[in-house]
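Each chain gets a letter, A, B and C, in the order it is written, and its residues are counted from 1.
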Amino acid sequence: MSTNYELIADLEREPSFLAKTFRDLPVVPIVILSVIIFAAIFAPLLSPHDPEYASLADRNAEPFWVSGSTGEFPLGADALGRDVLSRIIYGTRISLLVSFVAIVTGVAIGGVLGMVAGYVGSHTDEFIMRLCDISLAIPYILIALVAVIIFGQSVPVLLAILAFSTWSAFARQVRAETLVLKQLDYVSLAKVAGCSHFRILAKHILPGVVNTIVVIATLRVGAVIMFEAILSYLGAGIPPPTPSWGSMVSDGRDYLPTAWWIAFFPGVAIFLTVTALNFMGDWLRDKLDPRLRQSV
Amino acid sequence: MNKKLVLTMLGMFSMVAMFAIACSSSDEETAAPAAAPAAAAAPAEAAATAVPGKRGKQGVNQTPPTPKPAAAAPAPAAKEVPEAEKLTLTVGMKSVGVPLFRGQEGAYPRNRTHWTLGVGETLTYWEPGTETVTGMIAETWEFTGDMEEFVFHIRKNVPFHGGGKWGNVSAEDAVYTYNDVGADNPNTKHDNGTEVSQTYEKWVVRDEYTAVAPIKTIRQTWGEWDINRENSSANAIFSKKVFDEMGPEKSITTMVGTGPYEAEKWKSGEEFIAHSVPNHWRIQPNFHTLHAIEVPEETTLLAMVRNGQVDIAEMSVKNIGLLAGEGFDVNDSLGMAWTQVIFYAGNYWERKHNETGEVVPVQPGFNPEQPWVGDPYDYAGGDPADQSTYNFETESMQNALKVRQALNMAIDRDSLNEVIFAGLGKRADMMGVPNDNPVFKDRWINEYNPEKAKELLAAAGYPDGFTMPYFFPPDFGLVSPEAAEAVANMWENIGIDVEIERTAYTTRRPTMIKREINLPWYWMSGIDEVDYDAEQTWLATAHVGWQPGMQVPGLWQFREALHDAVDSGDRAEVEKIVDERSDFLQEIMIMSPLADMPKLAVANPDTVKGDSKNWIMYTEHSGQLNNFETISPAD
Amino acid sequence: MLLFIARRGLYTIFSLIAATAIVFFLSRAQGDPRNVLITGYFSQEIWDAWGVEMGLNKPLIVQYLIWLKNALLGDFGTSINAARPAWDLIQDRIPATLQLAGVSWALSFLVGIPLGVVSAVNRASFWDYFARIFALVGQALPPFWLGLMLILLFSVQLDLLPAGTRGGPANYVLPCITLAWTAASGNVRLMRSSMLEVLDSEFVKLAKVKGAAHNRVVWKHAARNAMIAPLTYSGLILAAFMAGTVVTETVFAWPGIGRLAVDSVMQTDFPVMTGVVLVLTAIYLLVALAIDILYAFVDPRIRIS
């Protein structure tokens, strides 16, 4: 027979909650993401040059390790003499801003629709899910290009496009989660007690879906950044001269044989960022909501 | 489980089947293979020396120039070239255009592709090297009566493509082509529909080889007609029989022309394949097959040049140096280079039509709130409806002038030329007068002084700069998007917040035509070789100053005066007028010329003789490579 | 089963309508469609004539429905740039896209599925790490950047492979790698996690206990069951794949409808643009439908939901 003291001793041999959480922390991705956030915040301090200052005399300057370089531009300069490194650093701002706004809007729209769909059920559910499915079939890139041609190439237009590209992922998963939560006892009790639907959603369902939302958000940020990069590459993203990684690759593509660094380094930046985000998303998902493991 | 296996296989199989079906179904444009043409080659004629006629009051004198016959005919009765010797010329281009074998469809710049690729021919053309109007489909031409008619004598024995099926060119075809192009045709998209309709009434067939163009408006610019787009590249003669038989829509893509290359396959976005016409009346191409491939990515094109996939390629300044260093020939003959220029659009100052005198309404794009736009009627006695109250000295105009001067002064032209154009262009400071022209005056050189520019801005009331939209087409002919962006940066350096609008040219074009455009925009215009001692080219610059987005009273007078001076034959007078015009332009600072930049091509010296001496291209407004029929293979 | 197909059919139709309606109404939102037809010479009469010809006096919804009806009959209107029926242009280019997409799609399965299996079965082996890095990189590499780097390396520097345009088998290598890698990555990850779960399941343990040879167990039972997961999410992967086609065709100058779409948008050639959107959506829906039917056969539970 175990005494209380023995029970406690048993429990103490279990690693604490904190230890468990940080046991298999993905260190490298966190470091990368921290660097990116840090760069975005302290961009003016970190950048060796003004990212938009063009100096034709420095056109296509080489990175410091390439022979013939003045060393003034660590990662080289682009076709207009702008420092690639500084532009990459400032580019973090665009990537973060864009992904943050898009995700938040996507969460707002998709989360609400998902909760409503799962909670209300029947036709509303059907309808919202059909909308989700349909949005999957639409070739989003083309719609985005059309919108840019029509409404002009500007940041608000881009944000709107990106926001609309993410909502359905949230709606779907949040709905699934809501369906499960709806069945729980305390929800039924709340209903019986006469709580309004809104209250139930806000106080009982919402906390339950937060985990799902966080996981999806982290998994989707990478996709949003990638989408913005693709749009910028096609010439429909952030208008020049604001530095965006995607448009930097596009600017550099005619110079691959002569000045490969213009297109190379921004691509690496995209790659590292998205990788780190994917890792974080996976890790968060495993920690918070393993049920989602089967999702991409 | 077997059922699952079967179904999985079924799924795979259907995907493969889809794939196979897709592979085998390929709808390609193929013209019927041509049989040996029946027409005999025209006998060789001695090339007559062309005498450029003096232009009369309306630009045409009673002694029109001696029409210059076509170049010496090809070797008579060419024998069949053995298969092994049939050479193929592969050209890499950013765009191969679309098949448009009907006049009315000639929207710019696609209306010229059939000409540049060698499948279509015009009535006359501007022969490079001799700088004279030379007959192509038209053998001779003259005016009749008191300038009532323009009569063209159509060359005989010029067969249409298609192996004889469509017969030879006759006056009917010329008449049909021009009437189809004209703006009287409500469906016409042709860029010269206006000019054709304003100049001529409907063309008429007088007899089998005589086409008559009744003149509607005697144009002040008959001299310009010589090098006018109407004839130099944009109005290939198409077959009326094709139109009659194939109908208005199918005739558009029925690939029948008269040129030395006959189109076999033309897939827009992909490729163009043509084979040479044996015993062609004008010239015998050395390459039996012409294969143009569309490659929009320059890096891909460069790789293709290096590994021999293409013999000739369009190439931008960015990579020309690299290829030249590797031994490839650089061809810059597609100059007469076009001047890269910034127009400060929005300055719609005219209220009276310069030719008719009718009242011109305030244009929709006119907005004097914009810092670079001035209002000449904004003062006590000013009446926007009355051009006689036009006043250049109003405060609005003077401030806007300072702004434009500041913008102009902020541009470092030398840097642009050396760096962006890799020294291959020429600095340009005055429209209509290239810097190395004997007529050029040093006082027209633009100062580069960003500090002074900032002072000017402050004096105009913008010490902290302002926000300015700015447009350049990223996809057009000889326009350099890099230079355009570099200029934007130069303006940013003097405190202006530039908002770059990078829309396709086709999207912006309607605003130009509807006089709505009202922002500084980057374009190309004018020519870089103006010989003020050769009459023809003087008149090429007579239209300087007219551009979409600006209407300046006073500019038109220079045009008329220049014509008068040309007529009188007084060279000194011509130079005086050009001086006055240029001074005027400098004073009002309505545009900033930047550089003359030719279109460049590279050629593989191992397979073709493609350098500038051996392959001379025609001036081509849209910048398309052309004149492939004259290229010789390498020795 | 038939009900299932009928419902999917309905979904298909609604998706097509939604996709094309969005583009159609957006394009009208820009302003008058006659604007792109303006040349140097136009007058009020021509303007009005165009208006009648294009049916612009009718309500917008009616205009869309007319367009839709015509589209379903194969008439997408006339391309503004090419003066040919838009459908002709599209039809010319579909084979190129299907070839590229077909080969890439097949490649992504042929590489992704086995890699995922191997990775799950031989945990912590070289193949496991290779597969996981493969998947990681594939999902994070920007496709346009990958394409350009491949061109730089294999065409420009090494001169081993052609740098673009369509042609023989050699021309397929670089574009297909670019296009297939991302999709293959998704397959690898899904297959791997799915296999891990299946291998853990009672069913497989039982099969092992019964003494079936190890490999037979893995490949015959586990793999087949695990394949359900990639199929489930193939819809998502396919959507991303279609987007990837657009980019890849642009980078490699592949004459397919993806590139046609981008060109037509840049040139505001609305008939072609709307037509391409319809065709791309239709392709996606057809393939998704085929996969779903396959899936429904494979997993009866789905039919009921």
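Note that a residue touches a chain if its C-beta (ideal position, glycine included) is under 8 Å from a C-beta of that chain, and two chains touch if they have at least 3 such contacts.
Computed from a predicted structure; not experimentally measured.
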{"item": "Most widely separated chain from chain C, with each centre as the mean of CA atoms", "value": "B"}
{"item": "A-B compared against B-C, more contacting pairs", "value": "B-C"}
{"item": "Inter-chain centre distance, chain A versus chain C - centres from mean C-alpha coordinates, in Å", "value": "22"}
{"item": "Centroid distance [mean C-alpha coordinates] between chain B and chain A, Å", "value": "47"}
{"item": "Between chain C and chain B, distance of the C-alpha-averaged centres to the nearest whole Å", "value": "39"}
{"item": "Where chain B touches two or more other chains, by residue", "value": "297, 299, 302, 504, 507"}
{"item": "Residue numbers of chain A (touch at least two other chains)", "value": "149, 235, 253, 256-257"}
{"item": "Residues within chain C bordering two or more other chains", "value": "148, 151-152, 156, 250, 266, 268"}
{"item": "Contact set on chain C toward chain A in their complex", "value": "11, 14-16, 18-19, 22-23, 26-27, 29-30, 136-137, 139-145, 148-149, 151-152, 156, 186, 189-190, 193-194, 197, 229, 232-233, 235-237, 239, 242-243, 246-247, 250, 261-262, 265-266, 268, 273, 276-277, 280-281, 284-285, 288"}
{"item": "Complex contact set, residues of chain B against chain C", "value": "1, 3-5, 7-8, 10-11, 14-16, 18-19, 22-23, 25-28, 98, 100, 102, 105, 107, 110, 183, 186, 188-195, 197, 252-253, 267-270, 293-297, 299-304, 306-307, 309, 475, 504, 506-507, 509-510, 513-514"}
{"item": "Contact footprint of chain B on chain A as seen in their complex", "value": "52-54, 56-57, 59, 79-80, 149, 152-153, 235, 239-241, 253-258"}
{"item": "Residue ranges of chain B touching chain A (in the complex, touch as defined)", "value": "297-299, 302, 316, 318-319, 321-322, 412, 415-416, 418-420, 474, 482, 485-486, 488-490, 492-493, 498-504, 507"}
{"item": "Chain A to chain C touching residues, read off their complex", "value": "130, 133-143, 145-147, 149-150, 222, 226, 229-230, 233-235, 246, 249-250, 253, 256-257, 260, 263-264, 266-267, 270-272, 274-275, 278-279, 293-296"}
